[in-house]
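Attaching a single structure in structure tokens format; questions to follow.
For reference, chains read A, B, C and D in written order, and residue numbers begin at 1 within each chain.
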Amino acid sequence: MTLWIESFLVLLMITSLWLLGSSRLLSCIAAVSVQGVLLAALPLLLGIDAPPWRLFLQAGVSLGLKGIAFPLLLLRAVRSVDARREMEPLVGYSLSLLIGVALLAGSLAAGVRMPLPAAGTPVLLVPAAMFTALTGLFVIVGRRSAIVQAMGYLAMENGIAAFGLAIAEQEPLLVEMGTLLDAFVAVFVMGITIFHINREFDHIDADRLSTLKDSP
Amino acid sequence: MILLPVLLPAAAAVIAFIIRAHLPRRILLVAVAGTHAALVGWLWLEPSRFPPLGAWMALDSLGALFLGITSLLFLVVSVYAVGFLRRESGSTSADPEEGFLFDNTPEALFTACLLGFLSTMTLVTVSRHFGLLWVAIEATTLVSAPLIHYHRHHRSLEATWKYILLCSVGIAVALLGTYFIAAAVPRGSGGITSLTFDRLIERASQLDVRWLKAGFLLLLVGYGTKMGLAPLHAWLPDAHSEAPPLVSALLSGALLNCAFLAILRILSVCAAAGLGPFGRQILLVFGLVSMAVAAGLIIGQGDYKRMLAYSSVEHMGILAVGIGLGGTGDWGALFHAVNHSLTKAALFLLAGNILAAYGTKKSADVEGALRRIPVTGALWIAGFFAILGAPPFGAFSSELAILRAAVSSGSWVVVVLYSLLLAAVFAGMIGVLVRMAQGGKPSAARAAGGLAADLPAATARRREPVLAVAAPTVLLALTGGLGIFVPGFLNRAIAQAAMLLGIS
Amino acid sequence: MEQPVLAVLQFCVALVLAPLVPGIVNRVKAVFAGRRGAPLLQTWYDIAKLLGKAAVYSRTTGWVFRAGPVVGLAGVIVALGVLPWAGSGALLSFDGDLILLAGLLGVMRFVTIIAALDTGSAFEGMGASREAWFSSLGEPALLLGLAAIARTRGSISLAGILGVTSFAPGSAGGAVILLVIGALFVVFLAENARIPVDDPNTHLELTMIHEVMVLDHGGVDFAYIQYGATLKLWVLGGLIMSLLVPRTGQWYLDIAAAIGGLAVVAIATGVVESIMARLRLVRVPQLLVAALAMSALGLALALMNNPPTAALNPPSAALNPPSVAR
Amino acid sequence: MLLLLLPLVAMLLVGLVTASLASAPRAARAVGAIGTCAASAGGLGVTIAALVLGDSSSLSLPWNAAIGASFAVAFDPLTGFFLLPIYGLSAVCAVFGAGYLSHAHHGRGVAAHWLFYSLLVSSMALVVLARNAVLFLVAWEIMSISSWQLVTFEHEREETRQAGITYLVATQIGTAFLLVMFLLLGAGGSAGAAGSLDFANLGASGPAASAAFLLALVGFGTKAGIVPLHIWLPEAHPAAPSHVSALMSGVMIKTGIYGIVRVLSFIGTPPLWWGWTLVSIGAVSGVMGVLFALSQHDIKRLLAYHSVENIGIICLGLGVGLLGMSFGSTTVAFLGFAGALLHVLNHALFKGLLFMGAGAASHAAGTREIDRLGGLLRRMPLTGAAFLVGAAAISGLPPLNGFISELLIFLGAYNAAAAGPAAQAAAAGIVVAALALIGGLAVACFTKAFGISFLGEPRTPAAAAAVEAGPSMTVPVIILAAACAAIGLLGSVAVFLLAPLAGAVARVGPADAAVIMAGTSPGLVKVTIGAGALAALVAGLAILRAVLLSRSSVRSAGTWDCGYTHPDARMQYTSSSFAQPLTGMFHFPLATHRRWTPISALFPVKAEFSSHTPDLFAQGLFRPAFAGIGALLSRLRWLQHGRLQLYVLYVAATLLVLLIWKLG
């Protein structure tokens, strides 16, 4: 079982690197949706002692929202503005990957420094969660397009949800609420706003959304 | 019973969204605001009538204080909103700065979101569980986003996008922080109530310090983004300058306080765990940084709504400094939260009047408000002195209390920086105030601009709608009154709330 | 003799004899120039003549112009009443009377200046400007010098300062006295419009200070001005003289000695006027500042060689009762 | 006590009533002027009564314990002494204001003006009555803000608004120092860090006391206008209506002196250097003030700088007093403080008189430029005569009040110089020299101010057309002139009445005070006698002159112009030319800019000359400092560049820094 868990966590990290490295929007979307699927599977594997219907419900919800709904919505947005082509990021892809590796190392170190007080959680869980969250944050910072930033946000949220699994045993309700609400934000609010942005400007390049400023 | 103030506006929101006709909807808005205020008043008088809802919801003095501010503010703003909506809603108006045409969010959605905003903020104040608190604050972000995007044009959209993304990132960080707190709770003592404030405080000694510290930091950064502490404040000026005046008033006056309340909650847990100094020190640094950044951006600020927004950043900094110092500072900070809400809300409403009269947000193009819109002009001056901490307004006492805490704790660096920055902000804002309020000649920009045609000459006196001046008058009168006399029940509430923050 | 009577006596003597001083000065200058010169009583004759003359007033002038000479003369007469030039106390002697003295001379100056400005004449305005300029520098020199003396002689009333029974230049404070006398003599020359500061009998308006201010005065007013000038000469001269002349305690000897001393001062003035040329205007302030420096130096010296006398008199009511009694 | 508070309440009521009359300007004018005047007169009466009866009542109501505030007011001789000029001058100024504002066009402005006038007067009264730090500060702030409103009465003019900004910023920064000072005194006081801030509890010792002293010096000095914190005075006073300038310069800046004196009573015996500090501040302020005044040709600006000078004189007096205290020589202390306090009163009288006289003159001639006036004395005889009295009084000439107060300070200094320890005597020497120099320069300055603007021939048609102002503008100045003369002639009485207060401030026991008075009063009596003699002599000589002239013919002609054929009013000496020798001599601090077209041709057609003396400290010290701080802070603007990604980066970076700082 632990083998499965370890491998899933490793896969999670790999998808994050994938998100960092891929230049095409569609593959980014793919990476995020794979993350969603993995995340949906994790609670079933972790062997949390909770009524199984609950676990399945949680898995189902996150699969539905993160694995399917949001990627679809993103696809729609991408098609609507026909933004399939390469995006010119602030930080180049190779450099992003390097930074990603650095982040990975950092989160591994942090995971070692701060062991969970609760015994029995897989060693890789905290580092994987942190790494995914940090990657998401980095994508928000490092990419121009609002769509990709939304994906970054989703990745970040995935990381947090993964960490939530570590405490899902004692705080199941909290974790579920968190997952749900975050997904809700990501899907609806951001989706709607991106939709508005598409309508208002015929581009979704967040970098050009910078008319409100004080610096001369 | 305690759910009532939360559910009432929520239900009303749904109804408001359904209703077609404007008039009943507006009546509903004011009525609900009034009822809510009445409920809160009753709650202040007889808390026993509002038993806690399990371990999840209850109202302690800290929550009651902020709930009171929010409810009162919302009542006044709803009155202002009636006049505002009568002027604005449904109309397609031309943008004063760039001249393009735009229309506004449908009034039904707007009103619904307003009521939802009230409901979620109420939830923030009554929740006793970090999860619920997080949910509530997340919800405020969701319902307030459409409010900011009331004017449907690219600037407000940009402001909204920044607001959503920054606050969502903050919220996500806060969620992680909440998880960390949960992780700090020793295993076995599980159960859904293990994250309620009371359980955490009573078992504070058993919490894992490292995770608690980490959780505190994450929550501070997460909710601090919402509260507008520099350098996490970036969304604030954009949102405040683009939102309609009453929304800016609610954001500054109520929403920032809610985030502040959330920070106080986790601080009280830390204090119980003996981490009080740790938390207060960080808050002190945040406060001074915020004051400095705000001062820097207020000096030479050309847009008066942005100036007010930065002033909010400054005052959030003052709150943080007060809490950071502790002692008299706690009292000062809580009292200052009250004064700042009242004053800043009034100022934003007045800014709305000035914008309506002059059609520009550039302070350089506004001149002689005292002559042209006398009531607003006079209130504008009064409000500035109130926000700058001049007596007889309440902010004077609260800022004095905070300075006193600094002096008696002998931290001279804080004393010097605090006074210096307050003086700098004063020097920065007073010039703008004088330029806008005084003088009488029509400014060249207005005379030349295309919009000068449909506006009377800048010196000619202009009619001021009653509701538009009544609301800020009430607010300023209140804070003025607080400066002269702090009623006993308020004083007691603040004192108890300060007690909750824990000594250490 | 009784002290009050003495005061009255020396007051009247001064009133009568004052016009002699310019007479002596002029006679000395005449001797240097090898002329016979005017009689000593010439000033008396002039004043008497002027009193009878008719007056011509400028249409520009008002009551300020007419009041100037009257108030000026009155002021200097009262000042004379403050100065105990003949040793024993004057009519108005008290602790700090030296300030009253300076104040009264200030009154005289003030009214002279505004009277000059009342004419609206550019020349008199110029004279007024210069008068204000120099006197504003002369006043600190005078008062600071007196402070130095007060330190050396442990008193702040003119009677206490001037009424010492013995004075040896070598004794402690001698240097101080000499410095201050130097300073006061400069002030004396400047205030009385003598060479090298001003030339009383040139008639080129541009070079004059005091004379140009009274260009428009005539008749009785000019008589008042002339008489006032002689009294002022007497007052400041008497101040300097009294620092030098020792007192015997015998009133007639004192008065005689004082008159002699004043004659000496007058002669000294005459000598200075004969052997020196008038300074360029820009040099005058330097002269006055030098006087101020001398006074300051005097005070510094006095501070160094006089131990604090506070011990002598209890902290409460230092220097009281008035040191005239000593 | 309640009786003492009654005038305040009445004053506020008048203000509110006037404000409510905004729509009826005429009524507002009448009610405002009469009401404020009556209330002030009543206050004056009550104060005098309280002083005579030796009232020492007090009242303390609970207010806001959390910040140590309580509504504590009390009456003592010091309070009473400062209440006298506050009420007295405000009554007179209200009368003058009624006339001065009769031409103001907008009614709302007038109503607001009287509202803030009443606020200013009552807040000043509250400042001196207050016995709690917070109450004091509140009153202090209301005083500043209401006076700002009064200064910017004519805010259509750009320079007026600028002056308002300068004033507000200056006074606010000063208040910041006061806040810290009071809190420091509270922390060091008997009630402890969290206790009440009543004056009874304030206190400090050792370095804390010195810190409080310096803070008070800066905070109160800004209001009082000591160099180099004086920069707002020469801006605000010309901008304000004349009666407001009179009130502010006459009494409002004196609240700063009150504050210093009051704070000195909280902290123990002063170390030597406090006295030295005040003496040097006084010397610098006095000399600088009069020098800058000398170089002005705007008459109200000139008067404003003279306020700086007189504050300097008062500081010299306080310095002498402190020196006396620190050496335990009671005479010196007593005389110094007595002189300083009496000069406070005197300056209120003659500076009020001068500002209102100058206001009337510039009102009549339509300009404040001395060089455009002239010959006003025969056109406005009453105002001119009163102005002359004021000019002589401020020059410290006998037999007027200015001389008496300066005499006391001189006496203190001479006592110290003659008998004190060397350190004290040296300071006294500085005091003597400074006072004498100030006096001499003041004579130069006021002969200029009076002579050029009121004497000679009018330099412009406007000045020629000037006519005497109405009674509401002449009566006040006449009253003040009479007061100046009265205090001058009855100096001994004034000092006798002042003695208990001076003794209390100098911490001299009544017995010692009696001894000192026994030593001082004979001199003052003699001064009075001398003044009488002077008056008698003047009368006698005038009669003699009249008799003599009656016997001979009196003709009138043109002024003797040395043969020039076409005399012209513009050939008269101007104020700039009158002052030029001195301004040239003190070119270093003044740095007067001169611009002129050199005369080239043999028969030059036209030539110009203009001179302007900017304020050294405003130009050289504060403007650069403020600009520097502003530039430094606005460096932070780049933070707000509008790029969302970097905003998110801020969040991430902050989080990272905190985690590393606290957990790393």
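One rule holds in what follows: a contact is a pair of C-beta atoms (placed from the backbone, for glycine too) under 8 Å apart; a residue touches a chain by one contact, two chains touch by 3 or more.
As the structure is a computational prediction, the values presented were derived from the model and not from experiment.
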(request) Would you mind telling me which chain pair, A-D or C-D, is linked by more contacting C-beta pairs? (result) C-D
(message) Based only on mean CA positions, could you tell me how far subunit A sits from subunit D in angstrom?
(response) 70
(message) Taking the mean of the CA coordinates per chain, how far is subunit C from subunit D in Å?
(response) 35
(message) Can you work out the whole-Å distance between the CA centroids of subunit A and subunit B?
(response) 31
(message) Taking the mean of the C-alpha atoms as each chain's centre, how many Å separate subunit A from subunit C?
(response) 100
(request) Give the residues of subunit D that touch two or more other chains, as numbers and ranges in rising order. (result) 637, 639-640, 644, 648, 663
(request) Quick one: which residues in subunit B touch 2 or more of the other chains? (result) 161-162, 165, 169, 210, 214, 237, 297
(request) Indicate the residues of subunit A shared as contacts by at least two other chains. (result) 114, 137, 140, 149, 206, 209-212, 214
(message) Can you work out from the touch definition every pair of chains that touches here?
(response) A-B, A-D, B-D, C-D
(request) Under the touch definition given earlier, write down the residues of subunit D that touch subunit B in their complex. (result) 63-64, 66-69, 108, 134, 137-138, 141-142, 145, 152, 155-156, 158, 161, 164-165, 168-169, 172-173, 176, 179-180, 183-184, 186-187, 193-194, 626, 629-630, 633-637, 639-640, 644, 647-648, 650-651, 654-655, 658-659, 662-663
(request) In the complex, go through subunit D and note every residue touching subunit A. (result) 637-646, 648-649, 652, 663
(message) Could you list, by residue number, the parts of subunit B that touch subunit D in their complex?
(response) 161-162, 165-166, 169-170, 173, 210, 213-214, 217-218, 220-221, 225, 230-232, 234-235, 237, 278, 282, 292-293, 295-297, 299-300, 327-328, 331-332, 335, 370, 374, 385, 390-392, 396-397, 400-401, 403-404, 407-408, 415, 419, 422-424, 426-428, 430-431, 434-435, 438-441, 485-486, 491, 494-495
(request) Using the touch definition up top, name the residues of subunit C that touch subunit D in the complex. (result) 51-62, 64, 67, 70-71, 73-75, 77-78, 81-82, 92-100, 102-104, 106-107, 109-110, 113-114, 117-123, 125-126, 128-130, 132-133, 135-140, 142-144, 147, 150-151, 154-156, 205, 215-216, 219-221, 224, 285, 292, 296, 299, 303-304, 308-310, 312-313, 315-322
(request) Can you check the complex and tell me which residues of subunit D touch subunit C? (result) 327-332, 374-375, 377-378, 388, 392, 395-398, 403, 406-407, 410-411, 413-415, 417-422, 425-426, 428-429, 432-433, 435-437, 439-441, 443-444, 447-448, 450-452, 455-457, 508, 511-512, 515-516, 518-520, 522-523, 526-527, 529-530, 533-534, 537-538, 541-542, 544-545, 548-549, 551-562, 569, 571-573, 577-582, 585
